[in-house]
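Two complexes are shown next, each including chain A; its partner changes from chain B in the first to chain C in the second.
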Partner chain A sequence: MSALPETKALDDAPSFSERLSSALFRQEGVLVLIGIVALVVLAFGSENFLTVDNLLNQTRFLAEIGLIALPMTYIIITGGIDLSVGAIVGVSAIMLGVSWQNWGLPLELAIVVCIITGVIAGLVNGLFIVRVGVPPLIMTLATLALYRGLAEGISESRSVRGYPDWFEELGQGSALGLPTQLWVLIIFAILFAVVLARTTFGRSLYAIGNNELGARFSGIPVGRNKLIIYSLSGLMAGIAAWIFVSRTTTTRSDYGSGWELDVIAAVVLGGTSIFGGTGTIIGTMLGIVLIQLLKNGLALTGVTSDATIVIIGSVLILSILINNYAGAIFGALTRRLRPTQRNP
Partner chain B sequence: MAATAQPLVQAQRSRPASRFKLSSLLSQEVILALAIIIIIVVVGSVNARYVSERNLTSIFLGNAYIAVAAIGMSMVIISGNIDVSVGSLIGVLATLSGTLAVNGVPIWLSWVIPVFAGMLVGAVIGFFVAYLKIPSIVVTLGFLSILKGGLISITNGEWIRDLPDSFGLAQERPFGIPMPVYFMIVLTILAALWMRYSATGRAIYAVGGNKEAARLSGISEPRILMTVFILNGFFVGIASILFATQLEIIQTAVPAGVELLIITAAVVGGVSILGGTGTVIGAMLAAILLSAIGSALVFINVSPFWLRAVQGVLILMTVLADLLRRRRNQASLKG
Partner chain C sequence: MTKKFLLLALTLTLIVAAFASFPVAAQDRWDGADDLPVNPLDCPMAEGEMAATEEAEGEMMMPEYDGGEPVNAPDLAGQDITLVDVPKLIGVGYFAATTQGMQQAAEELGNVSVTTDGPTEANIDDQIAVIDNYITQGVNGILFAANDPVAIAPVLTRALESGIRVVGYDANSTPDARQWFVNQAAFEGVAKSLVDNMAEQIGVDGSFAIVTSTFTTPNQARWIAEMQAYQEKCYPDMTWLETVEAQEDNILSFNQATTLINKYGPDMDGIFGMTSIATPAAAEAVTQAAVCPLASSEGAAANEDDAVVVVGLATPNAMKPYVETQCVERVVLWNPVDLGYAAVYVMRRTVDGEFLPGATEVDAGRLGMLPVVNNSEVLLGPPFVFTAENINDFDF
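Right after this comes the complex of A and B.
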């Protein structure tokens, strides 16, 4: 993750951003292309696939993963990772159900409890990572166990059902012809994209990912910004939990199990380097859409959901391989074009 | 993955025979052994059935396969990597073993083939990590889903029954002691000696402690990483045989949360999360400790649903202790 900070620093600003943008355009262009090919192939596989109804319905499933993928993009850009997101969904959902049914809170308040649980869970990750210096991988692996354990312990693995009709609106209703949660995702995606591309905070994330020490020395509040993104991760996981409970009208402690895989696969597929320093929200959204298309298209052509997991796992590894190779080829090209540049 | 930390400290830590390190590692193992004894004494005085021979056997037995797998995981973490796919691999190899046995393959082959299959998978993962330079967390996250999804879509989660009688390796009790305990102790001692005294074993610490220094002293990092992941596959293979043969049936599913249990055992056992230090003996003690805690929860009337939360807290506490110790080291180095 801290590979070759010196080389990065040697690049002068314009050439670096040029290099960055063209590399990203490639990735996003490639994604759109793959998406179209997948659409065509899958459309031939099943006549139910390429219908407005089916595609709109699919957005209900991708909203939850998509919301979590937004802050995950931030985190991976800084060179970190959050493996606990699925467990945060689990514990937030449980807190929603338990605080409503067992503690007798009004459902509106229970929703607030659910989201606050998510924020606190993310904040705890952030505090340990920033203040104590625990590596994000280990911290979130530990809290994956802890948060899932809390979800299981608090609920004693009992599910909560019987939510009122109005509560189901978010997960099952529509607004202006689109599923409600799709609107939520679109609004948050635009917000996250603008913040990442156009604000000092957003740009600082790239700086942290490229050279954390350098970022610190140039006066970027590295600790504060990291704390914010891990809390954001918890916040979005909390909101995703709310949507998930609303969609399924049940609360179970195993909610969100394995989501970290889907989320990380989508982010990496979307062109965000797992080593940090590059990535965009548009790429992540394309990654999310592509994965959901794959899942749904394969399901409709008769592939089981378990076999689909195999494909997502392979896609995760392959997309990183391709990213690495694309980077290497691109680097070799620029080196040849500008032989004056020093190389280690 | 965790190479951002202070090079000064790491340089100091990768010195193998440092007296300070020896004492601090000893204390980690002593602490674990004490913790096991304290839990057994305290819970035993609350509920005498906890210290019955049957329960004590089940404590040592229950996590024996976890302890064996934790040997490999320790090596992986010491080399500065991680493997989250081990749970899925155990599921796959156990199913392979059972399927072979049911289909009339000689019993010894149905024990040996999965071990080689495990090493093969380890070699593939190692190749991705060592030569294609993909972070181990991503590779193994991918393999987790490939193995898990592949297993269930092939077997549909059906159980394997009617296993031949002589298949139950883990149920044998030579000299009254269950077979898995022999495996756990012998393999741990062999691995501990190998890690401590062989050149390759020392090189694992070097690669995890300070990559650059390791490279400059002529250690081939990719080759060491390949070795580590193949060995990890070997230990996972043995663990899955112990897992497969402990009952009369094999559930062809991935045992839930096992990879976390194995990582917990390795980390709580004193393997530094930042790579470069740790021993496999601590990992074995930690596996026993986890088993003792899990069993204790039942006997003091705490819902076993809390076990995973306890596990999470344990990892966090160990990680914190490790970081504090590291800081103190750094301070004493400067002062």
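Right after this comes the complex of A and C.
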């Protein structure tokens, strides 16, 4: 039994990077194409759409989801999932408010508490997934409810308000002509992209996603790396909570509810396979931008928000169809690729 | 092995902590999630004074206008204006009714066009995005019903800064982020009406529970705070069992109400529904559990002790089935059609320069002159009680 996965891992090894890059350029190409088509169509739909002011303003709305989507890309590449990110945003935001207002901590320290809360929440997910072997879907589904419950309980379901002006700078201010949170997103996106593409740690995530057992036998610290990515997920959710509280100037226990779906949709639209093994940060960022462009552009052309959701859902399906169709042609032209084998 | 045990212990602690925190929340004093003082009205014996007190207060506190002002708003007096209405969410009967009222007002006025657009769930994040898009798109005025009074403030302030008029209705924002707010009913008036109607049916020593949206939703939280103050003042022997959250979700509301019925059994005499979703869901739960109060009704309680009275805020259409089967006797609400109607009139008068800061009343078409209260709010009137006699006169 133990010899089989080992051999398979060796078989896969030579074609691995080649297969990866070709698959990715395909999906990103499709996304850029859809993005350009959307830009042109929407720009004709409304004169207010393709303006610097509007586009910059939109980045305020995508920053939080974008930050959480970075570690989510890592997690999905390993074949995992984190459904609790929205709830972590909720509990982190509440800890920020409660530790500042009820415990009387200085606001600077409360921000640290907020981020640490996120990390701990992510670490707990990771510990159970790695050490106890709870499937990520089940574990994070459970903590989705648990963290949301904690947020409501700790806050006694009250909101915290009255933050000072300097605190609102992160969510509402600008630096060097760009919204502050856009800088945060850009810096983290570059960091996450470089780590994923250029470090042993980053490459190991693909290996885990392609064949976890194989990765383990190749000496990759699978458990440790998974712990790191789930904690990273919590960390980024904590930072997103901070930005979101700063943007909306209040803290509510229902913050972040439903975000997990927005995040996962963007990651998957960005070409990361939900089965693991493929995906890039650039793809994810393109996915995030495309969804926000559609939301905003459609609204500006007078499409109501209920119809907008329908259209975004259709684009999601369409892009995956195009991707698969292009994949079939590509596959015929080069060589047939076997579907990646799942974990037993 | 030890690690597994440690982890299990950790989970248990987390779960216990999560549960332990709930009773604390439930028994704490209801503060309306905004720490404003409560202002209970007089008990039913002094019925006639209610309107008088309100008006007197309006005069007394009169009137340091505390609303905001649009920056460099174009003078559009008498000209056609385009408004956008952003309710808490779309696709529910209540906001369909406010939309209907807005369209009526727009038709009457002839020089106003209103579009309703909003999030599909009562979610502040989505609501902010919707409003933001309309600011970019460029409208003359924004009508809103806030999902969170503070969180919505920055985007409304941005609208004012772009020269867009902003009037709220149904659910307020912080005052300086909008110009006027059309208040459907004074909070203390609604609280009094709800508690009085409940007390008349379950007695002054009855016990009740509440199904609400969330503890921090502006209106519901405020009403509950006022209900507590009023009940303590006028019905000290009533027992407040529990208040549960059910978002604004049909199935969750039904489940919460059913849980309450099963949990308290004969110890619970009544349920308050605080939203137009929670009230019919509670009535459905009572019907299905066969604990309706009236012996003649469908799903009547076998035993009088088991009976559960439902009183709540809801649109008449949602409650008609239950009023017809006599499972529910009274539904408290204002008229949301009038509310939407008044909001458009207030906006029109504001744009025309006929309704300026410091005014004490405003001309709202068929509704007559509406008084200004709380510095920058327009009061629609006392709440309305729907019963079997009148509920069929309404269609919203």
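The rule is simple: the second predicted complex is superposed on the first by the 290 of 344 C-alpha atoms of A that agree within 3 Å, B and C clash if a C-alpha of one lies under 4 Å from a C-alpha of the other, contacts with A are read in each partner's own complex, and residues count from 1 in each chain.
Just so it is clear, contacts are C-beta pairs under 8 Å (C-beta built on N, C-alpha and C of every residue); 3 or more make two chains touch, one makes a residue touch a chain.
The model shown is predicted, which means the values in this text are computed figures rather than measured ones.
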Checklist entry - So, A:K295: does it touch chain B (first), chain C (second), both, or neither? => result second
Next on the checklist: Quick check for you: in the superposed arrangement, does A:E152 touch first (chain B), second (chain C), both or neither?
Outcome noted: both
Checklist entry - Which partner does A:I187 contact after superposing on A: first (chain B), second (chain C), both, neither? => result neither
Checklist entry - So, does A:L137 touch the first partner chain B, the second partner chain C, both, or neither? => result first
Item to check | chain B versus chain C as contact partner of A:L178, first or second or both or neither | outcome: neither
Next on the checklist: Quick check on the superposed pair: does A:V268 touch chain B, chain C, both, or neither? Answer first, second, both or neither.
Outcome noted: first
Checklist entry - When the two structures are overlaid on chain A, which partner does A:T304 contact: first (chain B), second (chain C), both, or neither? => result both
Next on the checklist: After the superposition on A, what does A:V37 contact: first (chain B), second (chain C), both or neither?
Outcome noted: neither
Checklist entry - What is the shared patch of chain A, the residues that chain B and chain C both contact? => result 128, 132, 146, 149-150, 152-153, 156-157, 258, 304, 306, 309
Checklist entry - Once bound in the complex, which stretches of chain A touch chain C? => result 46, 48, 53-54, 57, 61, 124, 127-128, 131-132, 146, 149-150, 152-154, 156-159, 161, 168, 172, 244, 247-250, 252-255, 257-258, 295-296, 299-300, 302, 304-306, 309
Checklist entry - So in the complex, which bits of chain A are touching chain B? => result 1-2, 81, 128, 132-135, 137-139, 141-150, 152-153, 155-157, 212, 258, 260-261, 264, 268, 274-275, 304, 306-314, 316-317, 320-321, 324
Checklist outcome for this item: chain C contacts chain A in the complex at 3-4, 7, 10-11, 14-15, 17-22, 24-25, 28, 31, 33, 90-91, 117-121, 123-126, 128-130, 132-134, 136-138, 148, 150-151, 153-154, 214-216, 245
Checklist outcome for this item: Listed in rising order, the residues of chain B that touch chain A in the complex are 1-5, 82, 84, 128, 132-135, 137-139, 141-146, 148-150, 152-153, 257, 260, 263-264, 267, 273-274, 303, 305-313, 315-316, 319-320, 323
